[in-house]
Every structure is written in structure tokens, then in C-alpha cells.
Amino acid sequence: MTERVALYPGSFDPLTNGHLDILSRARRLADKVVVAILENDVKTPLFSIAERLEMIREIVGDDPATPVLSFQGLLVDFARATGATLLVRGLRAVSDYEYELQMALMNRRLAPGVETVFLMAKEEYSYVSSRLVKEVARLGADVHGLVPDPVLRRLIGKF
Amino acid sequence: MTERVALYPGSFDPLTNGHLDILSRARRLADKVVVAILENDVKTPLFSIAERLEMIREIVGDDPATPVLSFQGLLVDFARATGATLLVRGLRAVSDYEYELQMALMNRRLAPGVETVFLMAKEEYSYVSSRLVKEVARLGADVHGLVPDPVLRRLIGKF
Amino acid sequence: MTERVALYPGSFDPLTNGHLDILSRARRLADKVVVAILENDVKTPLFSIAERLEMIREIVGDDPATPVLSFQGLLVDFARATGATLLVRGLRAVSDYEYELQMALMNRRLAPGVETVFLMAKEEYSYVSSRLVKEVARLGADVHGLVPDPVLRRLIGKF
Amino acid sequence: MTERVALYPGSFDPLTNGHLDILSRARRLADKVVVAILENDVKTPLFSIAERLEMIREIVGDDPATPVLSFQGLLVDFARATGATLLVRGLRAVSDYEYELQMALMNRRLAPGVETVFLMAKEEYSYVSSRLVKEVARLGADVHGLVPDPVLRRLIGKF
Amino acid sequence: MTERVALYPGSFDPLTNGHLDILSRARRLADKVVVAILENDVKTPLFSIAERLEMIREIVGDDPATPVLSFQGLLVDFARATGATLLVRGLRAVSDYEYELQMALMNRRLAPGVETVFLMAKEEYSYVSSRLVKEVARLGADVHGLVPDPVLRRLIGKF
Amino acid sequence: MTERVALYPGSFDPLTNGHLDILSRARRLADKVVVAILENDVKTPLFSIAERLEMIREIVGDDPATPVLSFQGLLVDFARATGATLLVRGLRAVSDYEYELQMALMNRRLAPGVETVFLMAKEEYSYVSSRLVKEVARLGADVHGLVPDPVLRRLIGKF
């Protein structure tokens, strides 16, 4: 049995409870799950990379099994650099699925040894996306229960 | 029997015959249907909020059963302010459906007393979106039959 | 304000908590919601029409606002016979949506005065279908929480 | 690091190269992948359970990391019996996806400790289903390259 | 310029106005369009192959550019036998599309020289399928306008 | 037999092997296939119209059966100007399909004599879009095999 390393990439601007749910499920597949923040992915992010690193580390704690990193460049290069052989993606709606499938096929071509696995978040998070959370929080809605507390505090600070 | 108020929210930039068709169907569900123009929804609108209010009022007339308003902020807050218990949305393609479902679940969480109902426009309007109408009108296509006359006149004026 | 009557048609073999959730939402749209069991819809039903009528009546009670009936023939004919102007359908997955759309367009053609409205069940019921419930109950799974108690008791009796 | 056991359930009537591709990908997630033939799943199977067990064993060989079993009853009960904490499913088209999602949510409810993971077969197998293979083989088409050789030989024997 | 022959395969049990619309569009692509009735496709057909041949010939007339034939066996073998290099399929809903795509990929593998082209029926026929027409006609609905007159007469005769 | 002219419109920023595959399939439907680059379609194109014209001409050669042109304005006007009666579009994922269907219905309304036909690219190109190719090439990935050589050389020159 070799150590299995998974990469969970995303913008996490901000991390939602849906992301957290996927992360805890990914822990069942791999001995180590690297949370990998894509730099330059969101055009005008609400939170800086530094803020996102800080928030996520506060949430997942100092567990060596879930390091939190940010990166630039090709995802599959970062996977190789971290020794990851699994890419973890959450599935929600069918429209996600289409784009995810294209990305997964492209990544497979670029790095055949890295396998993309899809996990399903709890059905109660099926509508929770970072974009929607920001959209309604900006308009004054209470998003308690949709994002972890460290995110909630900072969201309130922003708006 | 209490008076039922429905909210029909949208950008309506501009209102199409598909929107008008949904509006007339919504009249069967509710005693009053408030047409609610979302301010700030379209980034660079073709018509100003004032122009859209004027056009839609010209089209639906002075009927107290279909007031036309614009609003800012959370949709569900506006629903509460107007006493609406129904949110009306038109369904066209599957891709609409996905996003609509997410919005509806989010709105249900924010305001459990407000129910989203989906209606289907006539099949001949299945391809008529404000975006597509603007796109082809800009390039000189005749969009007669796709938008009401007051919109058609103003579209011609713009291009 | 005229009395609004809605028809909620289905096989209900058996009624699930998802159905019950849609029914209570439909109550917000109409003054009366007729639960209409389609005879001859399921080829080899688990419960007879008589059993289904009995179960559903036990569940919804003797409320004149939610009569429970069964019928044969065209749905739109039954809508006319009961004075219903609304057809209520629950939406779950995209594949449902496709078939529902076809049926709704056909029904609109057959009876333009009857409007189909789509409602969304709670997300926690998104995977609860009569078929799946029967499938897993038959194999010994506990379906407590997925169907109302009167259904649960009878399901246990069957298997 | 504990031993991770995955279950790959299916009818496999017959096993296709698409199944084989998913199986080899599942090997990257788990130390042991149990191929689990569902008895009673296909109404009128082409191959008996005994024939399917024999064929698949011939294909995957005597590797203790990929035992081949058949079972009756609830999938999640079989997962528990074999110590599996992962359920592996292949994804192809959107229509698959819908049904798979419902099954996965139902299985999660019945056994929260068993996680469903979705893997994507090679794009060249995106159209290869057991049903389609049987359909065209029955009509005399050459299905070489779509199924492993031990399956091909037996398919030719059947028709 | 060589003569282009297209094959339009289907069960046509019975032919609908949607099929007829696709057929007339296919005429723009090819010099000859063979209407090809699949024998044995529908398990319990309403109309026999002889009745379907007769009805469709009555509808399309004696035009050598649209011969009407029935066939057994592999579609691509029949394409080769008739010299067809195009397979014509109508697209309606997304669920159609999935299955059609799988079939088209399989047919491409079996006969790379035969190209599948998808055409879109008029949007008013988007809900008209042979199955649905039979279903509602059986229950007494008027399907005038959904099927050609020769079909309408025979449908009335059947029920 | 009249000469059939097809139009294959797109941004082609840049042309991929998927586009090339569709182009060669379109040749089976029409005597002449005009490759039509939409000016102003991509907001910030990577390649200028002049570069795209040059690249595609280098790839398809000087064949009078596949002229390469660019155009502004309505697609259907350009179709009329070139005598084209067929519009060719490639189909990949379901999400494409939705948008394509809307466009096709709009174009049919604007020019009933111009028929849209959908073709399927090889399954191995199902994930190859201009956008994705640019995205990963920008990050340093090798896109050899996804785009023709003249495109590959220029992509390398850009990044």
C-alpha cells in the first residue's frame, strides 16, 4: 500500500460548506488531500489569495493530512509536484458536469497517470456555490449555514 | 380565499413576447402579478431602468393587477415588501433550468414562505431571449413578432 | 377572486414524502388541490387503486380542500370535469424535466385553458421516487423518512 | 493507512472494454476492488451469472486484489459484508448521470459510511454499453475492440 | 457532383408531422432520401409493417426521390445496400440527443463512410412523438394537426 | 442536381482538430463548404482576423471547394450572399447543444430557406474547444495533436 495523495483544486472565493463536505469525503479516498487554491482563476476575487489561505487553514486546522497551498500554472503540473495521483472534483448540477468532464478529459490527456474522481456533496448543498453566496451576501442575505464561521465573519466584514 | 400576489422578476432588457406570454399565464395563478425589474442585473444594459419601466407600462397598460416596479437588493425582501408569496419564472431550455433550480433553492432557504413556480412559455418562443433579440437586432435582423411593438420601435431607434 | 382548483395527478404507487411536499406547496397556489390517481398507469402496481385511495386519504385526512380521486382517460378531460385550471407537477432531475415538458406541451394543446405549473420538492427528497423506494424496500432497506407512516406500514406488510 | 476496499457493481451482461477501463482506474483508488455482479438486475440476461463470473475471472485473472463475486439484495449490505467503503461507478452520458446521482444519494442515506465515486471511462468508450453491444452483435455487427476477447468469443457463440 | 443518398430510419409507428418535417428538410441535403422502416424495433406495434409502408407511401406519393422501404438487420448494412452515405435523425429533447449520440458513434465505428446528420424539427412539433400520439389518441384525444391525414384516419379506425 | 453550398461559421480562434474534423465531414454533405470567420465574435481574440484567415488557408489549402472568408453582420445574410443553403455546426456536449438549438431556431426564423445541420466530431475531440486549448497552452501545456501544425507553431509563438 503506497500513500495516496489527492489534490482538491478550486478558487474557494470563498470556501463554502459544500466544499468542506467534498473535502471530508475526499479524505476517505486518500491519505493526504491537498487543498489547492488556483491563483488568477477568478478575475476580480472578493478575497485575496492570502486571505483565502488564512481562512481555509483556520477551518481545516494544522492537520498534515490536509495541507493548504496556492499555485499558478497547469493543474497537472502541480499534481505532479505534490505527488498527487487523484484530482477531486465536486459534482452538483448537470451543467457543472459538462464542463468538469471536458476538463477531466483534457487533464487526462496532459497527465494520464492522474485520475479525476467525482464526488457528490450532500443534497442540501446542491445550490451552494461561491458565486451565489457572494451574490446574496452582497445584497444583505444571511448566509449562516452555507459557509464555515471563519468565512462568515470575513464576508460580513466585506459587505 | 386570500388575495394571491405573485412577483415576476427579470431584467427585461428588453421585454420579449416570451416574457409577455409568461406574464399572461401567471395571471391565472395570482390575483395580482408584480412585474419587477432588477436594477443592476445586466452589466451594460441597452435600455435604462426608466426606459424599461416606460415600455413595460405602455405594454401592460394601467391595470392595477399588473403593477410594474423596479427594485434593488434581495428578491425575497422585495417579495415580502409587496406581499408576494409566489415567484414566477419562465422555463425554456435545460440550461436555464439548472440555474433556475439553484436560485429557487437559495430563495426558498432565504424565504420559506415564498414559493417559486415555473411556467412554460409557448414553444414558438422557446428560442426568444432578450440577449439573442438584442444580438440579432444589432446586426440588422427584423425582430418583428419576437418583441411587443413598443419595444420594437425603441429597438429600431437604438440601432 | 374566483376559486382556483388544481389537479395533482400521479400514480402514487406509493405516495412518497416528496409527493406530500409538492402537495403542501400546491396548496399555496390553489384553494383546492385534487389528488388524482391515474388508473392503468403503472403496469404491475404494488398497491391496488383501492389501497392507494385509502392510504392517501388516511394521510391527507378528510379535508374538502384536498379530495383524493382516481380516474381513467385523458388527464385534461378529468381537469375539466373537476373544474381544475392548474396541473401541478413536481420537478426533480433533468430527465424528469424533459418528459414533463413534452407532456405539458401536449396537454396545453389539448386544453389551452389548463396551465401546468412546476414546483420543486425539498432538495432532500430529490432522489425519492416511488420506483426507487419500492426497489430498495423490496430488498429489505429501511425507507423510514422517505414515505409517510401509513405507506411505511403497508410497504412492510407487502414485503 | 488502512486497506481501502472498493466495490464495482454492475450487471456486466457482458463486461465491455469500458467496464474494464473503469476497473483499472478504480485500482488507483483502492487496494482491493471487488467486481460485484448484481443477480436479478437484467430481466432476460444474455449470459447466466455463472457464465459472467467465468468470463470476468478469465479476463481479470486470479488477482486477489480484484475478486469477482455475484450477490443478491441491497448493494450497501454487500458493501458492508465485503468491508468496502467505496462504490465505483463509471460515468458516460448525462442520462446515466441523472440516474447514478439518484442511486448514489439513496445509497448514501442507507449507508452513510460508503462513499460513491464516479470515474470517467476513456472517451473512445463513451458509446459502449452492454445493451448496445448486444443489440448490434445480435444483428451481425463486428464488436471486436468493444469487448474483451473472452467476451467476444462467447458473444459469437450466442448468435 | 455525385448523387447523394440519405437514409431516414425509424419505426414510424405511426409517422407524425414531426417526421414529415424532418423528411422535407432532409430533401435539401440529398438528392434521394430513403424512408427506412425498422422491422422488429417496436415490441408491440400499433400498425403492421405493411400498414406503415402503405400509409407513408400514400403520404409521400410516388416520388422516386423518396422511396419507402422496410428492413431488418444492421442499419449501416442497409445504408450500404442502398448506397446511402448520410443517416438523417431528428433532434428534439436533450434525452433524445444522448441516445442518438451513442447510436451515431456506434454507427460511425461500424461504417465510417456513413455520416449521421441531425436536423431540427419545427419547434411546434417538439413534443410530438409517435408514442405520445398513440397514448393520447387511445384515450380519445383529437390528434388532428399532429399526424398527416392518412395516419389520422387509420388511428381513428384503430381506437 | 444543383450545387449545394454549406457555410461553416465560427470564431476559429484558433481552429482546432475538432473543427477540421467537422469540416471534412461537411464536405460529404455539400459540393462547397465556406469556412466563415465571424469578426467581432470573440471579445479579446488571441489571433487577429488576418492571422486566422492565413492559418486556415494554410491548413485547408487552395481548394475552391473550401474557400475561407471572414464576415460581419448577420450569419443568414452572409449565407444568402454566398448562396449557402446549409449551416454546419459541430455538436459536442449537451451544453453546446442547448445554445446551438436556440441559434438554429432563430436563424430558421430569419431565413427559412437555410437549414442548420449538426455533425458530430470524433469522440476523441469531444473535449477540444478553442477556449480550453488557449487556456492550457497559455499555462505551458503541450497541445500537439489537438490543433493542426500551422496553429501549433503560432500558439507557441504567442506564449
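Residue numbering begins at 1 within each chain, and the chains themselves are lettered A, B, C, D, E and F in the order written.
The rule we apply is simple: a residue touches a chain if its C-beta (ideal position, glycine included) is under 8 Å from a C-beta of that chain, and two chains touch if they have at least 3 such contacts.
As the structure is a computational prediction, the values presented were derived from the model and not from experiment.
*Asks:* Identify the chains adjacent to both subunit B and subunit E in the sense defined at the top.
*Replies:* Expected: C, F.
*Asks:* What is the chain whose Cα centre is as far as it gets from that of subunit E?
*Replies:* Greatest centre separation from subunit E goes to chain A.
*Asks:* Tell me which has more C-beta contacts between its two chains, A-C or C-E.
*Replies:* By the number of C-beta pairs in contact, the winner is C-E.
*Asks:* Repeat of D-E among C-E, B-E or D-F, where over half of the residue-numbered contact pairs coincide, is which pair?
*Replies:* Interface equivalent to D-E: C-E.
*Asks:* Nearest whole angstrom, what separates the Cα centre of subunit B from the Cα centre of subunit F?
*Replies:* Roughly 34 Å separates the two chain centres.
*Asks:* Hey, how far is the Cα centre of subunit B from the one of subunit C, in Å?
*Replies:* Going by mean C-alpha positions, subunit B sits 30 Å from subunit C.
*Asks:* Give the residues of subunit C that touch two or more other chains, as numbers and ranges in rising order.
*Replies:* Only 94-95, 98, 101, 105, 123, 126-127 qualify.
*Asks:* Going by the touch rule stated at the top, which chains touch which?
*Replies:* All touching pairs, sorted by chain label, are A-B, A-C, A-D, A-F, B-C, B-E, B-F, C-D, C-E, D-E, D-F, E-F.
*Asks:* For the complex, which residues does subunit F have touching subunit E?
*Replies:* Within the complex, subunit F contacts subunit E at residues 1, 3-4, 25, 28-29, 31, 85-86, 91, 94, 97-98, 101, 104-105, 108, 115-120, 123.
*Asks:* Which of the residues in subunit C end up touching subunit D in this complex?
*Replies:* 93-95, 126-127, 129, 132, 136, 139-142, 146
*Asks:* Hey, which residues of subunit A end up touching subunit C in the complex?
*Replies:* It comes out as residues 94, 123-124, 126-127.
*Asks:* Inside the complex, what are the residues of subunit D that reach subunit C?
*Replies:* Residues of subunit D touching subunit C: 73-74, 76-77, 94-95, 98-99, 101-103, 105-106, 109-110.
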